[in-house]
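Below, chain A partners chain B and then partners chain C, in two separate complexes.
For the complex of A and B:
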């Protein structure tokens, strides 16, 4: 056993046993972040904060929610909204949080794509981040089942049906996932388990991995500039903060994060109190009814783009397209053949690729919610084809890219 | 400044996204129905029949609503109307007794919540007035259809309506308005009411259960009459938009063609009461939300300001 001296303070006592001073250095005061960044670099911490809010509000909701098809709807809409003090607040916070977390995830992802933060040594940051995107999607879907309204039921029906694999007619698999022929009590309780236990566990694990992957390649900066972190850290420690290209995570980087979070929370709570309907679909305030299909079934806004890749094609082709769309972003670091780590604006054709992709995702999102009729069908089909065309073009245009 | 420009781009795309998936998508998903300010003169009914190209129905409706307009111009005698109103009380007892499929609603505040023209139309021909004549081969088979034989004189109709507008127009609570206009078909379980009215509390479970059986029996009758059990309205305030509810209540056929739901003929003031009640039950946290909202937002504005000062202090000398 190590030798222990008598400690003169609680801090010292802890330091002897946990090396808190070293931990503080490694995780905060000497965790170096590039200085040349903008507010988009705060999105990671904004996401962490939103996940924290979702967890806390989720814990409060969990105290009153009842995972039973006979009780779920009323436990949410009556017990939590009417009888529990501030239950409405936790519910609205949870609902808005679930929607905004995806907005920030998309901004975070597109920031990574724009600045080339997935390349050369940073592949694992991208891959673990994509893993988080998938885990959050599953978390969002399972959570959407819980109020057991019309949209919960029918979204559950539609999404689990996808596992029948079109012409494969794997209905046995669908029944196995549902635990029943149609979404029912067994279905609800298993999605409840996934939502409050297994998936949050996976998310927390992936967040730790995601942070870990940042450590060695370091955070990218606005110009994609490579420099010696050790050298600049020494400059900083020597007091030459102006010359140094790095800043410590805490308190310098964190102070900016907290400011950005403040701005974000103003928007967040404005939505919680005054504009929550977009995140809580009206159709889901009708209790689940297996005998009454809603006129329009559509997912929440953040799934619309991939839903629209499923919709315009025939059954089997649509499923294949949908499956590819779900995983294609994982392949980004390997399909981008250019060695340049730089903002898209300096990367020739890739600049157009990036903005076309953004516009295409937005068009797909719009079409995903509109009724599949007339001109919307045509636009949806073109946008879905454009999505694949962009991915096919990516290795070619990046190969042609001039080395900076 | 570059950072503000980047923020502008992010904000612009976010707003565009919001516009596309919310206001624009909803404007395309729901057919727009024009409201008519809770006045009832048959315009919408005639237009519907014209659109469906049912010539004889158009003729019948035109004649019917012209008649209604004629009675509407007559001067009603309140005192004379009282005697006629006694006829109504034969069925509209205010007791939860099912008659031919539904409970006859209480008329305690009829003058305060319903439109005068609608009441005239209803007494002349209930099925035509409530725009559900498509359900009946002969509209006198409507549960209230016998009124056509009992009250045939236009002057008498004008008198009875004048009586209701004068004497049944007292102060009405939001709950009473809902109970009288909607409650005989629609339960409101979050307000602990069923088609039979407020659900009483019993000491013994046996009594609770036997009351529940009574509710189920009543619901079966309503279901048999309407084709399906009309939905519980506890959460309808959040399940349907303001505009949908307004136009649906004015004329259910406009939003749900062929529905068996009758038009109930609420006046603007009457609907305001009913709507308020649906909001009280479906969105009870609204007052608390409006009270707390500004405080929380102010807190974060102060928080952000302080965070900005902290950031400025921390980054001093870095550039």
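For the complex of A and C:
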């Protein structure tokens, strides 16, 4: 038995048993954050808060949702929406949250790309973050199946068909994933399991890893400046707050985070109460019908860019292009050959690369929503080819980049 | 640590690891089997289609194993095809009504006599051959057997086996 002194307070009692003082220092009061950052650095905590809200709204939806092809549609559109007290609130919060979480993920990713926050010791932050992006994508897709409307069914049909591997014709694999020849009851219940249990578990694990990978290299700053954290921490602790380049995560940085969150939640609840249809596709208010394809199938806005990369090519080439587009962002820290950690505006050609990539992703997103006809096909094809051209160009232009 | 102690610990470690791996493989197999389609799903029976009421150039959509089945009675001036199902003096186009690109259901346009897929713009002619867009192969023919004026889906009759052997469908 270890020796324990009598504690004089609850705090001391907990500290003896859990080392809460050390924990508080490591994770809050002596977790140093650079001062030279802007509101874009708050997106991580905005995402964490959104994930919390998705979890809470999900718990209430889970109490009335029925994962059965005969009951699912009515349990959502009748029971939850009209009978359950404030059921509509949870559904709209869940729908808007699922959509906005991707908006913030994209801002978070592009911020990291712009400021070079993925290299020189920060590679694992990028990789675990991309893992989160993939896990959130799977979570969004599996959740989209649950209301069992027309878009749920046909998105399930099209996405699971991707696993046939084109000319490989691996229909056995597709039927295995579905547990049926077409999306049916087995399909719905297994995606329900993934959505409410396995994938959230993976996401929580990845969030812990993502935070962990950040702790040692520390957060990047607006200039990519390297400095001695120990030295500046001492300055701060000695009361020379102005001279120090750092602030503690909690309570100083967190108060900035909370301010940005406040602004974000105004937008969030504005959408929930006044524009909830933004996350509700009208086609999905028709129950799933395996004998009738909706006239025009498209995914939610956040998957449109990669969907558009699939579309303009022949089947096999499209699948290969789609598969590469899904994973190519993982390779960013290794394809960027420049040692500079600096904002894109100071990195020569990389500045143009960054903005071209942003424009290309936006063009792909718009083309993915438009019907596959005429000029839209051509623009879609050019934008898809440009996406790959940019990735091929990246190692070359970053190799040529002057060291700052 | 003595040499014999290390040897014994290595042995214990390998024995434990070996049995754990064995159990793990067994569990993985059980998990794989649990994801398999259920026997009741696989046995989802046969569908019989009565062709006597079929009208020329009007598409009938039947359901077999949850999938739509196209049955199109061809007019006399529509091109004959090796994949047509011949019943008496009539020719029928019979196929699984899922686009071979990604599985959407193409719509039949009777004026143009084509199947048009709304998802990615693929087109098939009235015999199910791909004519435009991303579909890589013709619409598939389901296993069928001609029984008088009836068509039994799910059972491979001699006409179907002939098509299969000739590589006209998969």
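Here is the rule we use: the second predicted complex is superposed on the first by the 404 of 404 C-alpha atoms of A that agree within 3 Å, B and C clash if a C-alpha of one lies under 4 Å from a C-alpha of the other, contacts with A are read in each partner's own complex, and residues count from 1 in each chain.
Operating definition for what follows: a residue touches a chain if its C-beta (ideal position, glycine included) is under 8 Å from a C-beta of that chain, and two chains touch if they have at least 3 such contacts.
What you see is a predicted model, and the numbers here were worked out from it, not measured in a lab.
Quick check on the superposed pair: does A:190 touch chain B, chain C, both, or neither? Answer first, second, both or neither.
Touch status of A:190: second partner only.
Of the partners chain B and chain C, which touch A:296 in the superposed model: first, second, both, neither?
Both: A:296 reaches chain B and chain C.
Check the residue A:283 against both partner chains and state whether it touches chain B (first), chain C (second), both, or neither.
The answer is first: A:283 touches chain B but not chain C.
With the two complexes superposed on chain A, say which partner A:4 touches: chain B (first), chain C (second), both, or neither.
neither
For A:265, is the partner it touches chain B (first), chain C (second), both, or none of the two (neither)?
First partner only.
Quick check for you: in the superposed arrangement, does A:255 touch first (chain B), second (chain C), both or neither?
Once the two structures are laid over each other on A, A:255 reaches chain B alone.
For chain A, which side has the bigger count of touched residues, chain B or chain C?
The partner with more contacted residues on chain A is B.
Could you say whether A:77 touches chain B, chain C, both of them, or neither, answering first, second, both or neither?
A:77 contacts chain B only, not chain C.
Using the superposition on chain A as set up above, list the residues of chain A that contact both chain B and chain C.
295-296
For the complex, give me every residue of chain B touching chain A.
These residues of chain B touch chain A: 2-3, 6-7, 10, 13-14, 16-18, 20-22, 24-25, 28-29, 189-190, 231, 234-236, 238-241, 282, 284-285, 288-290, 292-293, 296-297, 300-301, 303-305, 307-308, 310-311, 313-315, 317-319.
Of all residues in chain C, which touch chain A in the complex?
Within the complex, chain C contacts chain A at residues 35-38, 41, 44, 61, 63, 65-68, 100-107, 117-121, 134-136, 170.
In the complex formed with chain B, which residues of chain A make contact?
35, 38-40, 74, 77-78, 81-82, 88-89, 92, 103, 107, 241-242, 247, 251-252, 255-256, 258-259, 261-263, 265-266, 269-270, 272-274, 278, 280, 282-283, 285-286, 295-296, 301, 304, 358, 362, 365-366, 369-371, 376
Report the residues of chain A in contact with chain C in the complex, numbered from low to high.
154, 157-158, 161-162, 166-167, 169, 175-182, 184, 186, 190, 290-297, 311, 313-316, 318, 372-373, 377
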